[in-house]
Amino acid sequence: MAVAEVNFLSESLKKIVPFYAVIPMEQRKKDGNTERFRTLYLLHGYSGNYTDWLFNTRIQQLADWYRVAVIMPSGDNSFYTDNGPKEEHYSTFLTKELPAFTRALFPLSSKREDTLIGGFSMGGYGAFLNGFKHPEVFGSVIALSSAFIVNRVLSLSEGEYDKIESYSFYQSVFGDLSKLRGGECDAGAVAEKLILSGQPVPKLYFACGTEDELIGPNRAMRDRLKKLGADFIYEEGPGEHDWKFWDCHIEHALEALLGKAKR
Amino acid sequence: MAVAEVNFLSESLKKIVPFYAVIPMEQRKKDGNTERFRTLYLLHGYSGNYTDWLFNTRIQQLADWYRVAVIMPSGDNSFYTDNGPKEEHYSTFLTKELPAFTRALFPLSSKREDTLIGGFSMGGYGAFLNGFKHPEVFGSVIALSSAFIVNRVLSLSEGEYDKIESYSFYQSVFGDLSKLRGGECDAGAVAEKLILSGQPVPKLYFACGTEDELIGPNRAMRDRLKKLGADFIYEEGPGEHDWKFWDCHIEHALEALLGKAKR
Amino acid sequence: MAVAEVNFLSESLKKIVPFYAVIPMEQRKKDGNTERFRTLYLLHGYSGNYTDWLFNTRIQQLADWYRVAVIMPSGDNSFYTDNGPKEEHYSTFLTKELPAFTRALFPLSSKREDTLIGGFSMGGYGAFLNGFKHPEVFGSVIALSSAFIVNRVLSLSEGEYDKIESYSFYQSVFGDLSKLRGGECDAGAVAEKLILSGQPVPKLYFACGTEDELIGPNRAMRDRLKKLGADFIYEEGPGEHDWKFWDCHIEHALEALLGKAKR
Amino acid sequence: MAVAEVNFLSESLKKIVPFYAVIPMEQRKKDGNTERFRTLYLLHGYSGNYTDWLFNTRIQQLADWYRVAVIMPSGDNSFYTDNGPKEEHYSTFLTKELPAFTRALFPLSSKREDTLIGGFSMGGYGAFLNGFKHPEVFGSVIALSSAFIVNRVLSLSEGEYDKIESYSFYQSVFGDLSKLRGGECDAGAVAEKLILSGQPVPKLYFACGTEDELIGPNRAMRDRLKKLGADFIYEEGPGEHDWKFWDCHIEHALEALLGKAKR
């Protein structure tokens, strides 16, 4: 296992940014496998940063067991869109620059079937949105307790707040809110468009805890995808919006998408 | 010497943020001094982050020699103002939250005469602006190769770019640009107001390289302060907008403001 | 929460050494508590280092819930004794230098009743040994899946190996093996001596998984302490020599020693 | 530039160890060069660790200018020999495991002419010793202010100390001192043997400050190599045993060995 804390100058974000990388070097050596690693780009939630997954879950161990490299960047409360008002392009960062940079730095596969994107809460939204926006990059999407909040955001008037943020905040990350529904930042719409297009669609695992406030929007997304005839795995289980749920379900997701762990 | 890379959840920035701290524990022990440390909050420039000063200068050694703790946060291209569009408040962070947090975590003095703020380029601007905005917090300001760019920014029209950024970027960090001149984000105006008020003013060291494009605006600031009858140290020397100049002049600044180094 | 990766020059180890510190700043602020933190010095096992507990368990979260600072140093396969052949003094480091240094750097309590030492495997041995050796420093000991291997080591002849290491390795960390039994590096003997002395004894929580090879020596220690009439908590449970057991039982230990978690 | 702090489990050292890597990704991209990087393995001195070069010199910038990856491990006061008493094999680590590991993790060249080893003080000794011991791995050696202390060590009797360490310490890193002269840990003898063998010899740059106590042994080494007819660059200059000298002369060395910097 190599755990690396990396800083580099991002062009899309116009600043030096840190990320953590977990690369299961030793395990692979044992297997006698020298192919480039399949890779999970793994996103944190609102108010978190690149340290969250490593410091709060068993992701290091799971990377080992499932023979998957994991790259964990900071999202800076951007919802992983390109609309950032300082002209920071988090979507471009995630879907182009970071894959290219990490594949140049580490021995990572560039095949779509070897490339996963995942996250929880704001990061679940970001993984879902960017995964379906760039199916040529990502073969699989993992979306845990995802903040499918488009309806909630659209119910806000200027000056109002929901439990997390303000109308003006959401405007700054999603752009002109009058164009949010059905637009490039609307995760559900982006997925729907792809599915209806008949193009290859990423495999999808998503999950939400039954005690999580976000259970409603997650069930709505499940129903929407079902109606579209999409293929996906959806799990519900007892649980809240917390690390216990994400630690447990990131393992379920890896098992579902990558097959049984080798310990 | 303790070098600490710290992550914590900032309320003003609404996210977990990293900073580096350099605390000259051993040297002080040798001196038999057990008072709380004088402290320099030290800011990086545009496109940098919290690692810049530590990785590119001798700041660790200077902290040792000058017996000063150094705290180096990330500025995320904010120019260290409160106007951030995602309602990130970098000025509040720097002048209230970060001092309070670091003084609760480490043995740092909370006296204004023990508290310095410094930086280069965008960070020089941020140090100058926030130091003069909060003279009750900061007793000294160090501004190297400072991006005194208010005039340059105000010469832009919507849609235009200067060498670094766009009109709309500057709007996002400085707020409504029609109110920039003379307002809360105009470093020169903030200093002028304080000086004219007759209230205690931070000691000021500022410097610029003669080969630096920013030499003009720095000389203009020197002249403006001279006219106001302000007390300050201004240095020019051969040099460009680079680490060599900052490594050299941060030492000059510490010598000028804190007295001779003890090695 | 502050998570800090710290490097400093240790006198006992004669080199710059890293450690992780987790300090539950925010939670305490919520509680309105400004006393110095109770602190757990937490040790990794053979072949690990200072990153192990943070990267593999929920220790960050537990520190938060139990309002306890956690300091995690590197042990460099020393078994946390002073016998290191390069005249590295890990026991002195752990019981004197590190507490003094971290209390000077962070707001940590220096009361014995606020100070815990814990670890797993080699670190469980180190915590048990050093806790009972310095009851004036440590009020509580947590020893998980402890490598109580004195008998195993003493059954080796020169040139032989057990599953982990060689006779000569053990000699280098425990010193002259003919003096190990009953000496300063014999954890059981050190505890026995303290208990029989009538002096204050640290509270003790220890535990081992029933599938762990070390279950035998742990039960033997339990029986030995029972015979001495000592007061302690011993837990067994299904489990192996792995992170799952330590993640679970470090929480049991904190609950047993510090009372119910506040979330 | 990518700056990476990496932890991995070393077989030769039997523990998880940290190192810093500096990889000039962006610069190379600008040059349009996609070959694997030439690489400098760069060693710290007695009482230092893997953070020393990065935190105290401009090595990040020099890596950029000279288009060379730099790998900085911890040496744990081992003098980078295999004799460590806990059966830690620092020489094997440096000359086999670390090159193999870093070349598997990062895009580094495995050609000897692209591979340098360097260091200062104890690290200068380690670079010189291991570079000449493994000319099949290293095409160049940089040895700054090197601790060529074999004579000094051999003048000690059991129980005695020189300014740094004890007879018994030196025994623990160099092995049986009666066999040190001319043996596998005697840097000068190892170099002499290689030179006399007629096999390819690494290019050598070495330097010492005229105010450094180690100037004598460095001049002696210069004279010894001259007598052997060896090819090398030796520099003396005003300077002490400090970071100023190493920061300056690591640049001289890179210029001498790699050619002019591209900024």
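Every chain is named by a letter (A, B, C and D) in the order it is written, and numbering of its residues begins at 1.
Throughout what follows, a contact is a pair of C-beta atoms (placed from the backbone, for glycine too) under 8 Å apart; a residue touches a chain by one contact, two chains touch by 3 or more.
Chain by chain, the UniProt names read as follows: A, B, C, D = Acetylesterase.
Source: prediction; values computed, not measured.
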{"item": "Target chain D, source chain B, minimum contact steps", "value": "1"}
{"item": "Between A-C and A-D, the pair joined by more C-beta contacts", "value": "A-D"}
{"item": "Far-end chain from chain D, centres as C-alpha averages", "value": "A"}
{"item": "Fitted rotation between chain A and its twin chain B in degrees, CA, nearest 5", "value": "180"}
{"item": "Euclidean distance of C-alpha centroids - chain A vs chain C, Å", "value": "38"}
{"item": "Separation of mean Cα positions, chain D and chain A [Å, integer]", "value": "43"}
{"item": "Set of chain A residues in contact with two or more other chains", "value": "3, 7, 9, 51"}
{"item": "Graph class of chain-chain contacts, one of line, ring, star, complete, other", "value": "complete"}
{"item": "Interface residues, chain D side, partner chain A - complex", "value": "1-9, 21, 23, 25-26, 101, 104-107"}
{"item": "Chain D-facing residues of chain C, complex", "value": "7, 9, 14-18, 47-49, 51-52, 76-78, 84-88, 165-166, 168-169, 172-173"}
{"item": "Chain C-facing residues of chain A, complex", "value": "3, 51, 54-56, 58, 60-61, 243, 247"}
